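Next up: the structures, one after another.
Heads up, the next two complexes both have chain A, just with different partners, chain B and then chain C.
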Partner chain A sequence: MTKSDTKQKITLSQLAYIFIQSQIGVDILNLPTVLHREVGADGWISLLIGGVISIFFVLMIVHISRCFPGEGLFDIMKSIFGKTLGSVAGFGYYVYFLVVAIYLLTSFGELINEWLLPETPILVLYALMLICAVYTISGGLTLIAKVFTFFAVILFLISVLFLFGFVDAKFIYMLPIGQASFSDYIEGIRVTLYSLSSYVLLLLFLPYAQGSYKKQTRTLVGANLIVIFFYLYTVIVSFAHFGSDQIDHVSQPVLYMLRTADSVIITRIDIFVLSLWTVFAMTAFAAYLYGAERAFAKIPKSKKKMLNVYTAAIIVLAVSYWSGLNEKNFRVIIDFQDKITEYFTVLIPILLFLLSFLRRKDKKKEAVQ
Partner chain B sequence: MKKLIIILISCILLLSGCWDTREFKEVKLGITAAYDMTEDGVYKNTILIPNVQNSAQGPGKESTQFLTATGNTPSEARTNIDRRLSSTYSPAQLDVLLFGSNLAKQDIYPYVDAYYRDPRMHLDVVPAVVKGSAEQALKVVPKSELRPSEYIEGILDSEVDTTNSFESSLQAIGSELYEEGEDFALPLLQVGDGGKTVSYDGLALFHKSSYTGKDIAFEHTTLFLLMKKQKGKVARITAKIFDGKNPEPVNYTTINIEDFSSKIKSRPDKQNKVRTDIKLDLTVMIQEYPQDHLSLNELPKVKKKLEQALTDQANETISTIQEANSDVFGIGRSIYGHYPSYWKKLDWEKDFKEIEIVPHINVNIRSRGIFR
Partner chain C sequence: MGFFKQKKNQPVQEKVIREDKMPPHQSTASLEKNIQYMKEELRNSTDLKIRLLPGNKQALVYLDDITDPDKMQRYIFEPLLKTDGDIKKIKDREENDDLNKAVSSLLAGKAVYMIEGNATFYLFNVQQNVTRAITEPVNEKVIKGSHDGFNEDIKQNINLIRRRIQHRSLTIKKLTVGDYTESEIALVYVEGIVNPGVVKELEKRVKNISNDSLLSAGAFSEYIEDRTYSIFPQFLSTERPDKTVSQLMEGRIAILFANNPTCLIAPVTFYAFYQSPDDYNTRWLVATYLRFIRLFSFILAITLPSFYIAVVGFHFEVIPEALISPVLGSIRDIAYPPIVEAILMVIVIELIRESGIRLPSPIGSTIGIVGGLVIGDAIVTAGLVSNLMVIVIALTSLASFVVPSNEMSDSLRILTFPLIILSSVLGFIGIAFGLLMVLIHLCRVESLGLSYFTPIQFRDLKDTIIRVPQFLMKRRPEQLASPRPYKSNELSDEND
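Right, the complex of A and B next:
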């Protein structure tokens, strides 16, 4: 038993909620449009295929974690790649997590600015979000787990509100099937996989999770399925609502389709959903900020924890402010993220998975005992 | 204690203000707007702003204010309206948007773009076309109405209940506006009685985003909407089932549609490129049969005559639609959905006029009232 194992524990259900909350971030609002631009009306098929692939990644991650009991992402990388290479990869992840956090924060700011609070200085929006996230992760793993679990109810609330999108839906818009080319499908699958890519973060949480390997696998695959079906549901509602030409003009179809939905209690459901969604944005943001904090802690030596959090927060805030200035800057961030995402969410996990067969520690221990 | 003070001070700093307050007293909300194109091609915007005066007893009396301004874009016209108001004009709560037929015939999209683009705008606006000048229709304020500002909205709403019009909104026509192989129709209004009333006049057929100038006549709207699978609270159709009997009303009957089902199926066809079958089953109650003596033996004959009359009505509507080149049934989209490779061979712009649309109407008379 390593030290960290005894220190903090998260239950299986908490693990599932952490996974769900870190998966559903900003992408949910514009995923239908992005998929439609790439694959056309077949977007939902490539979403399904991408979802199945992401399940394999989750299985791989759980396997890696099993091979190195009690070790987090950065320790595992040191064990596999050796000390120097492991540290370099660790720093790479630090950058990656920061970039994702910056992307999440900037998109959040932009959305709220466009939809809800056009007059409020964007820096204030960033600051509010940062305060929430920093406060959440300052409490440590157990607090993160509890907060994420607490907010999970919003997923169900939002799912119900999305039903309003079916009011004007026409399912003929889902047809014809099979018009996209093979390369379009690949592109769609890539987009899907990136939007489900927070399985990388699992390596940070898995060492502290309770339950056997089998139970963990089952929980995480289940959680991933929930997210995939939620995405599928969202994509189908938006496709059926907007039709094949209008959806390309609408950048946040999910909010847009709720603009006319009138209910007795809430007049503007889109605004209400947007407010609920900020919670998703916050939890995903907090998860990546936590990842960055963990990574930073491991680079040279262990330091005071809050110092790491503040450094990460300040870097994120500064870069987000720069990228929020105009669309060109934001594109730079997105392009950079696109470039590195492939390495950190696809290549490195696969490499770790393959090498974990050679360097696994669990079998060795058993042999010693 | 120190901590508490810090928290309190930061609360005062953080929670005391808001950048995005928009107070109700500072804006004037337009309820109905009319967009017109003058003869010189200048865009003209007229709005109706209701002002409710407080009164000691009962509901406040409402006075209406009309403002007209011209401009190159709707936003510019709005700014020009704003110059004459003590507070800011906001179209965020607009209920009805009227297009003059001159403007609608050109292209409505440029004028509604702002509604789609600005998240503050309410997309629930009901668009409608006015034959002639929309401004004139807007300015009709019947004295008998308690709330003159809701006059036109009321007309449109009540026609939805009687299945003469359907619940349209800018959002609802949004997908049809963009989609190829699918068009839409909007309610059509006309100023009548020498400018004293506004009447509902049928449905204006659109192709892409412009008004074709052709309409579905008021008498045919109910059947048309039933074929489109839309029914309000009640649906009544009057049909001519006999010829040459005296007096004239005897030739007619009015039916009340209690239940209906409609299926539209399109498939490629060698002769006419596309063949569409509209299968409409109606369960009806005879509401008015001026001829009297509606015995049980008579019913099969009445049913036949009724089916014939309704099919004639439907055919008339269909030929209007094809003449207007307005694919309101979304036949093109359905062909594209089910036969994508065949769709590529079609030139829908031209082919729609030539396709074959066949209505199959089946009437089931469930009741003939309590008077035999």
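Right, the complex of A and C next:
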């Protein structure tokens, strides 16, 4: 390890916050509607099952990282798949991270355009977002950890604001339970798992994290539980607030819910929540951009870190702009993401997990010592 | 890159040698030659006085303006009479035969006594001390607590600190900076509490300063700061000994300057700029309340104008129904868009503030009345600025003055501008992005290599946003990584 690597240590709580912040992106605002369309009133059950599965994935990831101490995602893949295949997989992840970053950016732009700034050229929003993210990444892992930790307060704040949704909530909307078919559940679980899929990024951060394997596991499972509960809370509030008839027709149920909420001092809480949401969008986006930067750094052995960041940023900006031009382009991106997500978030991690038993390095080291 | 390589045409500059690093120049036995050399070295300055004693065999050389005639009488002439003119019998003298040393001693306020036919000369310290009385600093008044303050004399300042910390581990390290000015600075810290790595880092940075002059604490901090391009001050400056001492006991380093009452404290966190010595002297609930007020004022100072502009320009629906018509009524007849109003009003307030500083205090208050009442009222009736905007900007500047630290308050006032612009372009999203940038930047800044803005952890809450009673503040701040993390002996093995 080089000197700068050993210097960049992140504490366990920072690791947890990084995980939380990279998971909560823009998706969660749509999630209730999407789940309801797929599974109906039982959407929250499939969310719960999906959450449990995601915990297994987190456990797998921690195990993989434990088998290859000090190695990041790309080194691990090279160790497992061999040099050529590992590099190909690394490039695949580069594309995947970029696509997710593009998706996050465009969906954020879309959201803001739709709710707050219909007249503003979307490119301005993209540029501001990129500047913030690049500025965060350029400070290295320590800055990312600090920034993500700082903004964790907002999760709490937003959770409190969501309480407004309970004012008109009718929990009878959740009934009857167990109406959806098996295939609907599978579809719901798939959607859930994708929106919780940032566990892949953990492989980039785990080598720098302090603490024992046990503590890391505990922290990350805890962080994952927090996110799952936040998702569950959001979904249940929106289901209970809107009911089956309405929810299919509102794209961001939580925001609509807050729009109608009445508070004494200010009206339209949704606008504040949206502004606060910028933070979540930024942190999730920055996390994936960081992933892309790391991936790119491993492929052509590029030494200049900022160059990697800028290349990634420019690619993201260009593609986002292209996809924002019309609906068709946007669909292309989303379809492409749908296609590759399965490989990179489910199949490759499972493959890595299984193969990590064969090629693990931690046992060998112990034997040498 | 030929564009940057234009150094060839630069004038060749002679290197200046610092006084304490002058190569020795052996004095001769001839009195006349020695005096001649000193005259030349001092560029025939008129304040160089050469007093030939009766018989023209001995001479006393000194710089008239920085020596004290009383002291000369007491330390040189009176003893000289007692010993019948034998200089060697006088105590408190230094002997030397290096003429360059004599010149630099002259500059430090010493008198040189020379004898014809003798290469050795004698130095007497007859420096005239010009000191100001110890008074309370005007810009850092407190209601309760000690009312003394630093002045321009570094010895007196160190005295004030030593008197408060009577322990042998209080360390004072003196260094000089500036090839011409040779300004003396003193690093003060408590060994055993301070993080030794930080002291080393600071010393290294101070030794790297190369400049002709070092005149102020502000200039000094620009040389050794981690991020000079940041808008936030990375050194806490104070003129209060009690504040300095409390920071020393936390494990920070104080930097004192000769001829400058300002003391810099490093490494600091962002929160240090919101702490006042008053906080520790009042009841803790009251102090906590005041801390909240200050935190609120911080948020107010940087976001209120931009918030107002965003609401008026983009998100009118945020205003509760009952307020809509008064707000609309206030801004309807104003010709300018809100951003122009805001900038106009900010400029007016800054003008009043700047002019208030330069004027003597009796006129200063008049300016306040003229500016605040007359202009404020007239600018509204003239229809240039709306009522609400006057309230908003006035509140903002009031909030920025709540900050106990002067330089932080200046930084905050500048920070409002980018936020005003962003909010007038993008509304709330603009403010969100602006604040995001500010916070990321804050996380990035370091003070002497230690983090400046740590995310608030539960343990650090005790003396940042709130102030808990003293007995609960068992630990020194985490950020400093002090070798003595607990504040008392008994608690060392107890977890909190």
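The rule is simple: the second predicted complex is superposed on the first by the 364 of 369 C-alpha atoms of A that agree within 3 Å, B and C clash if a C-alpha of one lies under 4 Å from a C-alpha of the other, contacts with A are read in each partner's own complex, and residues count from 1 in each chain.
The criterion applied here is as follows: a residue touches a chain if its C-beta (ideal position, glycine included) is under 8 Å from a C-beta of that chain, and two chains touch if they have at least 3 such contacts.
Source: prediction; values computed, not measured.
Student: Tell me which partner A:Y135 touches in the superposition: chain B (first), chain C (second), both or neither.
Tutor: second
Student: Look at A:L358 in the shared chain and tell me whether it touches chain B only, chain C only, both, or neither; answer first, second, both or neither.
Tutor: A:L358 sits against neither chain B nor chain C.
Student: Touch test for A:V160: chain B only (first), chain C only (second), both, or neither?
Tutor: In the superposition, A:V160 contacts neither chain B nor chain C.
Student: Contacts for A:H249 in the overlay, against chain B (first) and chain C (second): which applies, first, second, both or neither?
Tutor: first
Student: Which partner does A:K170 reach: the first (chain B), the second (chain C), both, or neither?
Tutor: After superposition on chain A, A:K170 lies in contact with chain B alone.
Student: Between chain B (first) and chain C (second), which, if any, makes contact with A:E119: first, second, both or neither?
Tutor: A:E119 sits against chain B, while chain C stays out of touch.
Student: So chain A touches chain B in one structure and chain C in the other; where do those two contact lists coincide?
Tutor: Touching chain B in the first complex and chain C in the second, residues 116-117, 120, 124, 268 of chain A appear in both lists.
Student: For chain A, which residues count as touching chain C in their complex?
Tutor: 112, 116-117, 120, 124-125, 128-129, 131-132, 135-136, 139, 143, 146-147, 149-152, 264-268, 271-272, 274-276, 278-279, 282
Student: Which part of chain A faces chain B closely enough to touch in the complex?
Tutor: 114-121, 124, 168, 170, 172-176, 179, 241-246, 249, 257, 259-260, 262, 268, 270
Student: Considering only the defined contacts, which chain C positions touch chain A in the complex?
Tutor: 314-315, 317-321, 425-429, 431-433, 436-437, 439-441, 443-444, 451, 453-455
Student: Which part of chain B faces chain A closely enough to touch in the complex?
Tutor: On the chain B side, the touching residues are 18-20, 116, 119, 122-124, 169-172, 174-180, 182, 330, 333-334, 336-340.
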